[in-house]
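Notes follow the structure.
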Amino acid sequence: MVYVTRRAEFSASHFYHNPDLGPEENQRIFGKLNNPHGHGHNYVLDVTVRGDVDTRTGMVVDLKDLKQVIEDEVIQAMDHRFLNEEVPAFREIIPTTENIAREIWRRLEGRIGAGQLHRVRLYETADLYVDYYGE
Amino acid sequence: MVYVTRRAEFSASHFYHNPDLGPEENQRIFGKLNNPHGHGHNYVLDVTVRGDVDTRTGMVVDLKDLKQVIEDEVIQAMDHRFLNEEVPAFREIIPTTENIAREIWRRLEGRIGAGQLHRVRLYETADLYVDYYGE
Amino acid sequence: MVYVTRRAEFSASHFYHNPDLGPEENQRIFGKLNNPHGHGHNYVLDVTVRGDVDTRTGMVVDLKDLKQVIEDEVIQAMDHRFLNEEVPAFREIIPTTENIAREIWRRLEGRIGAGQLHRVRLYETADLYVDYYGE
Amino acid sequence: MVYVTRRAEFSASHFYHNPDLGPEENQRIFGKLNNPHGHGHNYVLDVTVRGDVDTRTGMVVDLKDLKQVIEDEVIQAMDHRFLNEEVPAFREIIPTTENIAREIWRRLEGRIGAGQLHRVRLYETADLYVDYYGE
Amino acid sequence: MVYVTRRAEFSASHFYHNPDLGPEENQRIFGKLNNPHGHGHNYVLDVTVRGDVDTRTGMVVDLKDLKQVIEDEVIQAMDHRFLNEEVPAFREIIPTTENIAREIWRRLEGRIGAGQLHRVRLYETADLYVDYYGE
Amino acid sequence: MVYVTRRAEFSASHFYHNPDLGPEENQRIFGKLNNPHGHGHNYVLDVTVRGDVDTRTGMVVDLKDLKQVIEDEVIQAMDHRFLNEEVPAFREIIPTTENIAREIWRRLEGRIGAGQLHRVRLYETADLYVDYYGE
């Protein structure tokens, strides 16, 4: 069993707001993240796939395929996007780093040809990241 | 003469659009950067001050002061902002990395107590940065 | 269950010495780390908290609170300090990376509001880090 | 139980080819990695050892010893080498990142004085790494 | 005048050998770099272009064009190549970091649409880089 | 003319104090840097040498020699040292980043075999560095 991690990056903007709470409560919880104009990040995404090493190729997963799935499912949908407006999932839930990681998991799960999706790690900045293992 | 560089970071969103050009031309030049919803980055700013070393302190510039000037003039204005809408200079000019660096120069110039502002370096991503020396 | 990791940094000095061993033995085991004048590092601390995502906020833990706890419990005590002399725990035990990580765990445990402390990772340099999970 | 990770680096070249497959199949699977002249990388190796903290030294493992084992078993064999030709294991198996990590595990296992080898992480580039836990 | 720097990466292998010198002299000067099997690196290339900011676009140079020129002139020729054998210039001169940087300059000079090529910076590893300004 | 930069690292401790000033003034200027116990950093040193490329070797300077000079003149003197006490120059002048860079210049100048010392860059942290060109 080997774990293979592939990195990708995308730039997006977002803001944090819960419509069920009043403006003061939103401001108190989210502070300047509540600015409805949005602000942005260079997100760094590490996708980890685990599996046995194929003796024919010496690899767990075809990295070109993995890169293509990340491109199709994540980069196309989120790169250079305003997440709150342009990614349907974030019309219902707040696009926090936690929720973006879970959305990325949902988009990738079942799309990895060989091996199994093991972990989605998403950095919002160099100082903050979340890990999601699908459970 | 010693050159001292201090790093700061801010997260902002922007988009590229020239109102004097038609939509096709904007799309051709700017591609997905033209999306009016905006997208964002973790900008990294390196401010360089040059000067003689003060024999009393061993320093070119008081770093607490330098940090405060960067905070007051740049971070307060640009962090967690949609640059096109919330920074007045970018209502007139496109907030490209080049123009943001020049705007930061204008905001810092003359505000450095000791030493002279030498260079503003601004990273939009790890793979792209600009340098501006004020001329 | 999502794992959230927040990074912080502090600069400190230390040296390694076991008073129960003779000077030759200390020198043999610790080499130049045994220099009683001390030497220093820019420590990088990654604190990981795990928990469920709060549907109201989209977050596992309030990051402002987490930052404040790290500030109060670790940065205030260790930043710009000579660890052997100025942090009481290190009068009894040697401030190795391993022991500093465990001391940081003790200081943070039970202070995290939401979620549970999962891991303390401490980098002494870019080439050396330790992980402690509290057991 | 504390986990200690030590980083080392080496530069090597390799290419991917399975002699049981025809040239078109090799080209299809491996693309430009199939170039028999080889190409190269600055590999970054993170070796993790887990164990109890020795109360006499405050350390899990003597880092000088760990560095020496990595030097003797990995760096001497692989640094500035053409892996396919100069490391015997890779005459039989393809020197993919997965297989290099497993070969490094085999070379280090049982050679760690104190503690137990826990994980071998090998970066081929900043965007691709594999983890191997020996099973 | 603004200076814009764009980063690109390629993986290649090489070795150092001067056919006008005997084997002992080659070994003395180049050490393990003289291994004719070659070894490799992840080269990191920073290309800097200087020029005036185009008021129509807010940019010095079209970054898509700059990326394409680097792709066509450098990446296509050097990525996943054994430089000594596969890049004609390095049949005559030794592919040291210095000489690769100068070869990259020659390939890019006169191909930059707007602005002027200012500097080629090439990292062989994180600890070694060269700068070439064309003179 | 090519510029070659070699990186080295050392860990040291220091504190800032001017004996000609009273304790309040020292505290006001230096804040927690004034703590006489000292604190420390992982200093990162980039030494740049400029010169013509030797056609016999393809290099500006023998990197083994350059590494050895940095080792002998800087690392031996400063690594794992309390700079104020253990480096004679810092008994007279405050070991600020500016002054350490100038001391390193003095130690390296005239010791570089081929080429000329061009710049000493010293990082105290990732967010603060100084450049000194010898004048």
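Letters are used for the chains, namely A, B, C, D, E and F, taken in the order the chains are written, and counting of residues starts over at 1 for each.
Everything below uses one rule, namely that contacts are C-beta pairs under 8 Å (C-beta built on N, C-alpha and C of every residue); 3 or more make two chains touch, one makes a residue touch a chain.
Because the structure is a prediction, the values reported are computed rather than measured.
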item	value
Where chain A and chain F overlap in contact partners, by chain label	B, C
Intersection of the contact lists for chain A and chain E	B, D
Interface composition of copies chain B and chain E: same or different, split at half	different
Separation of chain A from chain C, taking each centre as the mean of its C-alpha atoms, in whole Å	29
Between chain C and chain B, distance of the C-alpha-averaged centres to the nearest whole Å	34
Interchain centroid distance [CA atoms averaged], chain B/chain D, Å	41
Residues of chain F engaged with two or more neighbouring chains	126
All touching chain pairs, where touch follows the definition stated at the start	A-B, A-C, A-D, B-E, B-F, C-D, C-F, D-E, E-F
Sites on chain D touched by chain C in the complex	1-8, 48, 53, 55-60, 62-64
Touch list for chain D against partner chain A, complex	16, 18, 20-21, 29-31, 93-99, 101-102, 126-133, 135
Of all residues in chain E, those that touch chain D in their complex	9, 11-14, 32-33, 35, 37-42, 79-82, 85-86, 125-126
